[in-house]
Amino acid sequence: MNKVATFGEIMLRLSTERHLRFIQAKSFAASYGGGEFNVAVSLANYGIKTDFITKVPENDIGACAVKEMRKLKVGLSNIVYGGDRLGIYYLETGAGTRGSKVIYDRANSALATTKSGDFDWNDILKDATWFHWSGITPAISDNAAEQCLLAVQTAHKLGLKISCDLNYRSKLWKYGKAPHEVMPKLLEYSHIILGDIDTAYLMLGENKVNPNYEDEKSLPKLYERIFNACPNLQLIATTLRYSISASHQRIGGLLFNGKKIYNAAVKEVTPVVDRVGSGDAFMGGLIYGLLKYDKDFQKALDFAVAACCLKHTISGDYNLATIEEIEKMIQGDASGKVSR
Amino acid sequence: MNKVATFGEIMLRLSTERHLRFIQAKSFAASYGGGEFNVAVSLANYGIKTDFITKVPENDIGACAVKEMRKLKVGLSNIVYGGDRLGIYYLETGAGTRGSKVIYDRANSALATTKSGDFDWNDILKDATWFHWSGITPAISDNAAEQCLLAVQTAHKLGLKISCDLNYRSKLWKYGKAPHEVMPKLLEYSHIILGDIDTAYLMLGENKVNPNYEDEKSLPKLYERIFNACPNLQLIATTLRYSISASHQRIGGLLFNGKKIYNAAVKEVTPVVDRVGSGDAFMGGLIYGLLKYDKDFQKALDFAVAACCLKHTISGDYNLATIEEIEKMIQGDASGKVSR
Amino acid sequence: MNKVATFGEIMLRLSTERHLRFIQAKSFAASYGGGEFNVAVSLANYGIKTDFITKVPENDIGACAVKEMRKLKVGLSNIVYGGDRLGIYYLETGAGTRGSKVIYDRANSALATTKSGDFDWNDILKDATWFHWSGITPAISDNAAEQCLLAVQTAHKLGLKISCDLNYRSKLWKYGKAPHEVMPKLLEYSHIILGDIDTAYLMLGENKVNPNYEDEKSLPKLYERIFNACPNLQLIATTLRYSISASHQRIGGLLFNGKKIYNAAVKEVTPVVDRVGSGDAFMGGLIYGLLKYDKDFQKALDFAVAACCLKHTISGDYNLATIEEIEKMIQGDASGKVSR
Amino acid sequence: MNKVATFGEIMLRLSTERHLRFIQAKSFAASYGGGEFNVAVSLANYGIKTDFITKVPENDIGACAVKEMRKLKVGLSNIVYGGDRLGIYYLETGAGTRGSKVIYDRANSALATTKSGDFDWNDILKDATWFHWSGITPAISDNAAEQCLLAVQTAHKLGLKISCDLNYRSKLWKYGKAPHEVMPKLLEYSHIILGDIDTAYLMLGENKVNPNYEDEKSLPKLYERIFNACPNLQLIATTLRYSISASHQRIGGLLFNGKKIYNAAVKEVTPVVDRVGSGDAFMGGLIYGLLKYDKDFQKALDFAVAACCLKHTISGDYNLATIEEIEKMIQGDASGKVSR
Amino acid sequence: MNKVATFGEIMLRLSTERHLRFIQAKSFAASYGGGEFNVAVSLANYGIKTDFITKVPENDIGACAVKEMRKLKVGLSNIVYGGDRLGIYYLETGAGTRGSKVIYDRANSALATTKSGDFDWNDILKDATWFHWSGITPAISDNAAEQCLLAVQTAHKLGLKISCDLNYRSKLWKYGKAPHEVMPKLLEYSHIILGDIDTAYLMLGENKVNPNYEDEKSLPKLYERIFNACPNLQLIATTLRYSISASHQRIGGLLFNGKKIYNAAVKEVTPVVDRVGSGDAFMGGLIYGLLKYDKDFQKALDFAVAACCLKHTISGDYNLATIEEIEKMIQGDASGKVSR
Amino acid sequence: MNKVATFGEIMLRLSTERHLRFIQAKSFAASYGGGEFNVAVSLANYGIKTDFITKVPENDIGACAVKEMRKLKVGLSNIVYGGDRLGIYYLETGAGTRGSKVIYDRANSALATTKSGDFDWNDILKDATWFHWSGITPAISDNAAEQCLLAVQTAHKLGLKISCDLNYRSKLWKYGKAPHEVMPKLLEYSHIILGDIDTAYLMLGENKVNPNYEDEKSLPKLYERIFNACPNLQLIATTLRYSISASHQRIGGLLFNGKKIYNAAVKEVTPVVDRVGSGDAFMGGLIYGLLKYDKDFQKALDFAVAACCLKHTISGDYNLATIEEIEKMIQGDASGKVSR
């Protein structure tokens, strides 16, 4: 049986309600999320066994985060307790031409201050078949990057499938190292990468090329350079997102397996209830699709794109759409009829 | 003066707010509704004298439903008190590609367990000029179907105009009878039917024909078979609904009086605030239109379609749009300008 | 340094939430607003020194309004305390084809019952460089109109730039005088007018002409008649608003400086979070644009139109969009991307 | 069958929630109330036929007030529509040592500006058996006082039982007349008065005597002077209220029928959920008690005191306690056990 | 290691907020609870391994209940899925002299309609060391009573410790059998009973004796009759509750082990935040106390009483007080100091 | 004219509502507070000119804190912008026997990471007449302690009156120094100290003495040791707090001016709406009292105690009670009557 281990941070998310600006808010909706955690929730929701590896403080806020994980059936047997605080991000929900705003307050979080020995990776990963990480963890702190490298190396040694969402956040990477100093040795072990070409190039220390995703024939050559830099890479996927407004998105996706470009039809997403975490929903859908459909990459990609679309209709960081809802959407039913 | 009697169930509606999924909700908005009740509210709101005939339990939840009726000026002198519970339905409000979900918990409700003698139909209908029922009531239980038949027969005997909204719900009809075993003898007495052709066929025990409503010339023949099965039928109307997404609908309508097809222009409805009860708003608008415009079927149909559209902008089960708002819309003003 | 003095009323705004109709509301969101106040907030938000001149009652509701002003950094050193009540307006928020509704309850407000001597205009305006008023204040009461005239005359005498938003509200003007009996002598002193041509004509006592704003060449002649009636007029601007529905607007703008028509590209605004005060956001943006860009009227107009658009995405009466957000929009980025 | 007609104002009540001060509130709970209306609700709730006579504006806020009345089964066939606004009162809910605050904004309300001819008292009162008014209505405006006098005189002529709650509010009485110039001729016709001795003296133009309600023997002489001034008076009742804090009250009551003092045991009321309207709950309980128990004054008084106590546990202006709950309390059960 | 299996129903609890009456509520807070479930939550919260055995419907409402269990770390591996509905109870929260009201709507719930074979008790209980049930389950339906008996018999056979909370609810027991026809054979196997003497007598078919719990010496004889009727009984505990008002309770407890009466000091509980489930908190505390302190009955009883007291300060059905908080209270610190 | 400068941290306060535990909360009420800030708000509220000196980050959360200050009329011309984050504290509101819980997340806040040169104390304090600080600031970090010392020394040099609230928080002081290593040199310059004797002793490095505040005669000797250690000390005040429960407090106060003990009558505070910040309300009241009543220490103390009591009835960190309300309370009126 498959078991997907993911490593990353879980944060308290404090968001304004009803499209209020920060300055108007007298309360914040409190929920929990984070890129890698959101992937774990997607997978748990699809019935996949998961293990979310993180560090949370030993106080009531940390306990709340853990209770949320348990509720969502995310595996929590490898959580480390300690550190001073749970990271926070504030979210102001935009609308129309006004985009959402995120303020990070995650410095010195429990995970950012993780110490050597916090995680016994050989033991943690011994039962897992898949390891997922993202570019956020090595961007938090030197310590987090170090644990991420140990995790990836151990996963490689134990023969796990390894996936990575590049997830570049320019507001992170503040601890003195640039992405290209850290990421290449991490990506070296990954079999599956989610990210757009220029992000991958940035992380590999190459120049921006502004790829034209509409010109499908031009892409294999660009993707191949990533394959060249990552010896274990088997496939790379890219979310295509056309932002008409904060309330209206068009979502498609590409997948290149080193030989062929797979392309998923672009779908209209309007109105957007909550856009945060939609990339994680794509990633979660892609892992599930690859587990389920194996080499049928078109099916895996379609599942990822539909999961991403449905996430936009759901409040909070993580995707609560069911397999049935996603499959109905893949089959072309986006009519949103009342089910009764 | 006209007085429209409607017979059916009033339920407690428990809906999630702000597009939350059930699993995210910590509270439910509580309101009251039900197909036939919603028609009564529309008519009371247009100034028509109404009488809503139902059975509610003698507890505070039943009392809340009755107080809601009184507030809305729905006639409540023929309510029967008894039974164990008020039926419930849970509503998860969708958005975009995620449709809304309804969970019924109406089995063993006060109306479903109505007993012979609960309603003295001769007395109840003695002052009414119109009787409205829908396909929901005979779908609840044998007892409810029996009362519905008695009601329709009495209404017929007393010379009332009789209308029916077919309202097929596949999740009901669980008590051992199929629609075609029950509905034909009820429809026999109806002068006005609201429903699409295949629903009528299903209820009359005929095969599905997938009518093409765009091909207006093909329709009279299809409608005529319903006329043939229902000796008292004078006109049949159909709501045309094109579901672009849960948040975007296109609404039109057809009416066939046995001779001619009347057609109302399709209107855009976006965003959808609350779709539930929009068919009942159509029905309420149609009854009002027929009472007001008599044989001017085009006007009656236009009123029904505009009422249906405006309902989508209003929270809750029933339509609170005013005659003035509906007429402004019929005259083409859908600009939603601020009235000040 | 510039200091913009604005004179007008601040009201308590009581609005229904989540698109509820008045009849459904069990609570009202409470905020504060008013045409001229909203302009002052826009300017304070852009870093311009402001002074809002008004009269509020000496009770806790008046104190709340003043605390809101202080929070927003609106100058409040010339507020007069007295009178019996703060004016109120109720707002029912529409959606789609159902427009919003405003009910005014502002008669006998502190400002409407202002007395001679309440405002020492020479002292109040001595440090200001710009005076802004709107057609709402003279519509409230004879006393308010009288103070408005004194203010405009003093501003003229002191050499201030004077701007006016015509802001015609047919539900006001109930105290026995028609606009054309009051407005001409007020407009006489204004250098800048915001309003559409027919509103200006109405206020000047001329007949409606239904201008065709698409036919740009036809406009100068029509605008010139306003210039003729207003000897100090330097420019007139008009908001172009195409109301697709209560939730979808298209916004553009025109500016005529006596010589040339300037035209700003029409922008899509959907969904509308809150439309009230969007005209005031235009006015605030125009004053700021004229202060900043001086004679570059195109830039001033573009700023006003973009400010107006962004206001639609913000709850409440006044615009909280920042200069950066507005400039990003002028440069064509309406994609509403998440800022993180 | 008894039918109690009450005449007075219904207002919109805007209250802060969760003990917030005005300055902290971002929303107001919206409900409806008013001294005489609250009495009508109590009686309707006890199953007595009522008619509430008032004037409300023809707008949605007025309609909301009327729908609230209908919901509560208060008779509304003699409501007059017109005027400009519904009166408002703002309520800041205190706690412990911090008392609640009320701000009236009821000047120029529909009822305050009632005109001669608005009410056809002969017709209005023709079916009633009891007329109730309070000292608030004549305190609002000359016009309201005039209608109140006409009402009382007509009620007297038609032989109705007449009751009055003195309800002195020092913040009213602002239209140029003092209570003792208006009230004596109104009280002349009343059979039943609720109020404390000094309030009655103030209204009759006599000096304050600071009665000692603990010294029961001293009271008849003091009450008798009121009897002397009011030729039709049959009994006078007084609520005894010992305010320990805003959250803790002790409630008792006295009744003097010209011969004997009746005294109800003082009850503890803590915590106080909502104190506003508790006097009206006493009045409503007293009328009901007198209708039900006729000359058994002790029972009537006990009912009034218990109703008053229970009102303190209920949010909003009016009492929603049932007869069963009140009787249980009279029988000494104040244990607040869960009923299940 | 201990593992406590509990069998019973989990219901959706719909409660009014802020002391509103049902008739005032526009929304219900939605949570989950039930006597036996609440005991399981207490134990899980104290770190005891638990297994909650129940039946829930296969719909989103059932799924919500299960996710709540998982969040609270209640063991859910023996949940049976099926049936039509989750039982509901409505709660109106009282205050002061107005008690709370509960309306049950749990007929035909998934557990009430459980069928033979739903539960494989030998398998379910094979790892458990303790089985807890209550008098609610056999009161629901014949089927539920039958399963309860099978469970108790199996637990007995497997040598588990068996505890029962008598939990008499007069509104249940509607399926044709009286408690004394069902309970004796169930109680026969129980080692520990929680309940007052008259409830036990009622269930055993004996006459009421109105025990005087203040007269400690009179009690052993009364308790002994219960011992005589229940051959396996080892101890019986009774919660002493003095209801000053809905907001003020005094809580104590007694325990009789067949030889000696243990008595816990009465504690003041004011204000009461939520009284529902406080008996279950006592039961949960008692089981924990017996597991932890073994034969030190005084300590076990003290723990149960303190847990019960703290539950009153916590919203919802189940106790979220921690061991540390309970122990601090036992040591006499009820000062409610801020922990910072 | 007096101007009181206070130096300290302003934090975002995230509190659960309606007595919910952290684990139950789906949203947090968001407000702003902090010991020294709360003192500044009290004083601004009493009409005293204030200047609050702090450091806040340049993001929207920092901007929200500043807008709150501006609204409350707290002087903000010496705020320094910079650093990474605003400190946070989470608050779980207790009830009855369950105390409130505070979780600090203020490490690495903007003020904690203040750098040399951030504050130009000579310039900042040049117009002030009074400087207030508390024991919280030196407990945050070395840097904050250093700035606090510079501030106190500059204030001393400039001849300002200096007051200090000892405010010992055991969860702070985590940066490697103990209070007695830091506080003595800060207290050396203070004229007024608020705190209990053992806290002062702890900060001065002396042993605990468990003073008996009931035995007034024993106190001067104990206070004198503090006078001995603090050469500039003129008076020391102590809040007396008897915690009956989280919902019921008794509040008194003592003041020793080196010669005489002043004692304020103990007052009942029940129910407690919000206890946090009540010590700051005492301090704010004391400063105001000393400014207003000069050497009439009894009056100053009475004002402080009454302000502290009223704070308990107000939500949020700071006191919004007015001078009128406080004086009414000093005069013995704690009846909480409705003001209308």
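Structural remarks
The chains carry the letters A, B, C, D, E and F, assigned in the order they are written, with residues numbered from 1 in each.
Definition applied: a residue touches a chain if its C-beta (ideal position, glycine included) is under 8 Å from a C-beta of that chain, and two chains touch if they have at least 3 such contacts.
As the structure is a computational prediction, the values presented were derived from the model and not from experiment.
Set against the C-alpha centre of subunit B, every other chain centre is closer than that of F. Chain centres computed from CA atoms place E at the largest separation from subunit C. Per-chain CA centroids place subunit A at a distance of 45 Å from subunit B. Averaging C-alpha coordinates per chain places the centre of subunit C 63 Å away from that of subunit E. Counting partner chains per residue, subunit B shows two or more touched chains at residues 17-18, 21, 23, 26, 67, 101, 271. Residue ranges on subunit C touching subunit F, taken from their complex, read 67-68, 70-73. Put simply, subunit B touches subunit A in their complex at residues 18-21, 23-24, 94-102, 104, 169, 171, 243-248, 271, 275-276.
For subunit B in complex with subunit C, the residues that touch the partner chain are 17-18, 267-273, 309-310, 312-316, 320-321, 325, 329, 334-340.
By the touch criterion given at the top, residues 14, 17, 22-23, 25-31, 59-61, 63-64, 67, 84-85, 88, 90, 92, 101, 103, 105, 107-108 of subunit A touch subunit F in their complex.
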